[in-house]
């Protein structure tokens, strides 16, 4: 029995609020239960130096947790003077995942930055960030098309992500914090709407995991991501 | 005629939402029109080194704008590796203002940190931060009393703050961004509910301002702060 | 009775030594009693990036205290790897104040940097910095005119600054350290020679201050700044 | 046909040189073809602050590439003043993988640091680091046992890691740089000698990858890791 | 013929002003012609961690040039966020040289910090710093003895330093900036009053220098340092 | 009797391995007994900004010790976020020494960077770095000539360096760590093959050293450097 009473495959209630703030070209508040992440997409002309003159665009991401989004307060990274390893790892994952949504050639020499700021954390912040940022990205793309900044729609397909894991020996989907903190294995999966993988990251927290466990984790992730993509599409409809 | 149709002394609609997030001991979303700041108060045992063993508490503050809280995206300070001068100036002001609310001896050797994170900016973020942080501080104090962490109520009185300025030659209250960006003089005032000053900061943006202009700015600030303190009290009722 | 035997409105002996060092285009040692600040003005061609091509100049400032300018040694900011919040706040104030002296259009695309380095501190270092930097700025302007770098004199009017405060319940001018450390209210005022305000910053250190106290602080500041401007003019004569 | 003439499943010649340097408690030079990583294990008394008093040890790792280990010179991270995101991601992966080898309780309050410095890079540096660091860790453990620093052998089982990927549509093992740079999918797998997973990280570089592709990558990884563990054991024999 | 009309061995007029500022335990302004360095000595209880409990004291130094001590303005190191290599090299040299003056055991567990801040630079700032810091150190030692902080005088002997070099093929003493910038060889020598060496650093700027040139540089350095020690002693008399 | 049984003037066995890694234009592993330094030379088009358009090249150097190249582990400078003073001092010395080898005009607007990474330390790492880097520099120059990047050979002459010192009252050459740690005086000498000085740095570690001691140290350094230059030439033959 899970703390929330959910079944093993059941994800938390997911809410997607578009236009949550008014300045960003795409602004989405995504909630997976008590995990709340504000995903803002910014469109800027130009690309990083290493891409100049290649006729393609770029997608980058930044991730941060508000100091008191967590049970106890974490030090603000701006005050520490550097971003931690976990932050860097996550923002690289978000950016890679969202780049996979787009035909970067069709984006032209423009950059879209996805700022994922966790307002409240209860497990699964990186996968919520990817899932919300994808919707913000679509809004930003629509903005660009409406302004005539791009001719062709660069969106290839939607992506969504879920955190799955083995808790008390059982594979479960969409771990909340209390489950995450005692999971034996933790796996983040990013998939496209066509059901293909963008990223799969499984980590043994305590004991190593078997081939069969890996298989069943992937299986429930596929199932949950399909649900998430439906929710994204409803939000965008 | 002001862009919003407000009279010179009229402040924007102010909304105070308590318990906006679930982990912080005090969590307030304050909105002054389109300016939205999340003010989280964290209670921690102990005091900074310079106060150790003196039997008193401390209040500190951190301020940050989400990168896309503004019209164009600003670089994330955590990514730049340092907080800018404006950020430091503002968080020092917030902390000084809130320390003035409390009898630090009655707080015991505890520290309250006020994190003011601007979700959306439209002028007056520092004064909204002070006004919202004061409510979060009261909630944190109430939490401490309910847990028996302090015996005596350390709250001396409420404080609130307003930004006033001279726009097109006329003194007006609660400037929104479009006014702020062309104000000739800008003044931030922090006052107590008893109508005394905690802080007054007037700055000539273009031309120097006269004694009479200074007087009329102070006058409308007093008036607006009285209103704000009523709103704070209703929110806490 | 003040520690120095001065009357409430009496400022300390002020000495202005021009050409204190030989390389800078303006170099002023200003002394307010035992507070000694070296103010060097540097003229450089060009402006910061955000002003390029706008046909106007810029004035910026940096402030620092020598590690042992104070009673006990402070850590050197270069060794800590960053400037503190107080330093940033002060150098932003100095720069804003001095920009108010000049018609930046008349300055052309040139930048003047004011380096204010405190050799010895005894209260009022930021206001001494502004007062001394204004004289160094005039010398730098004169240098530019003598070299034909600018045609029109960009100087609008002189500015000077004073620290006033309430000590033992009485408003006094030009606080020295021993007074400053126990002041109930502290106010820094920057004014032009025409008697208008550039900046006014009043802070309650302990108790909040009343409207009447604010008024009397402003009054003695006006009086002292008039004196300072006479001293500046004599030094420049 | 692979550039090196290898079959799809064939790994490069792997050489493990123990005691490569003389000061470290474990010092291994591992070579996967032209990829050469020096893995030094350091034993130190005590644990990081968050573990103090819990009666368990810790394993941590640092990773760095010599500036000219690559085709073109990369800037030295010490000179840039910070470690990049890729470095942080890799050193976190190495540490997690090696912690999985040990019973941290049996290690006592001691810390083992694994420094993996890439002398020459030709693809697969992170997986070579893990495979080499495991041997250095065993030597460090043996040192501790010979000095009586620990009573019980904390080693649970060996781990090794391999990089696999899809190149020209075919799953291949142990990618060298020229293959890695054009791989469609890249997967790093860390496994125990019992054939269980410690970590699996698959990333679509261009197109998303299918379930079947994922399966075949895992399959060849298992095969290669078994070979690597045999090589580790021979080296330790 | 030297630019100043000096003979090859002739040093510039040297002035030593003690008690230049009032807070430091030793405060010396030293001038070698137009080179002016403020050397402040601070006495603090305790020693750095690596010396704790060894019953000996420590001497450390920091060096900085005011941004406009030079012909053109240099960026402030505190603003850059780090001290440059030249600064570090110089402050290490100053500290080593001054430690050689003292019996560190006799100093007890106290630390003396020598802050050498260059107010105006015209060549030879590091050797002027050492020569001035030695006088400030003696004043600090005298302060400690007068306060009873130490029983025995830890001063072994005075040290002084000079910059010598080969300019236009001729060895000369105490190079001013215009000579230094075209010197073929530059040598800094630190000696004790007994005529022994603490440090000798000779650098070929253009062509390598011969054994005979090295000898003649050392010879004139010995001569000049003897003069400097007489000047130090007169200042202290 | 020296710990190694060597005579006073005898240097350790020196081994020079060229092409130690495959990417760098010059790659040398130099060993002085147990001191092992990898010296990689990188050729890049262009020069630092301060040299642009002057038709000359540049040589720069970076130095680092692997964390566990020493008896106990040192913190990695990339993790600390800055290079220490010793590192900066050494890399400046290496660069100055190697610039002395070349006619920078003949190098054209190209930059050669010498990365000296200490794999194992046993005294004399900076002088081993210079001696090894000179060989790597020659290989890089040969590479440039073979590729037609330069017409004329910019190499003026070889340089080599040795560490000498006074240990137990006797001047000895090529100190290993155990001698270095108890040396009374330590001197690093860099010379050209023509027997002239590039750099001489003598430091009293405990007692000041006499003129005669200085002379005898220089004498044995000259002798050892002659040997080293023969070894360099054999390696290059």
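All chains are identified by letter, namely A, B, C, D, E and F, in their written order; residue positions are counted from 1 within each chain.
Heads up, the rule we're going with is that a residue touches a chain if its C-beta (ideal position, glycine included) is under 8 Å from a C-beta of that chain, and two chains touch if they have at least 3 such contacts.
All values derive from a computational prediction rather than experimental measurement.
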Number of hops, chain E to chain F, where each hop joins two touching chains: 1
Whole-Å gap separating chain C and chain D, where each centre is the average of the chain's CA atoms: 58
Between chain E and chain B, distance of the C-alpha-averaged centres to the nearest whole Å: 50
Touching two or more other chains - residues of chain C: 81-82
Cyclic ordering of chains (reference chain D, direction chain F): D, F, E, C, B, A
Chain F-facing residues of chain D, complex: 21-24, 27, 34, 36, 38, 40, 42, 44, 62, 64, 66-71, 73, 76-83, 87, 113, 115, 117, 119-121
Contact set on chain F toward chain E in their complex: 82, 84-86, 88-89, 91-92, 96, 100, 191-192, 194-204, 207-211, 214, 218, 222
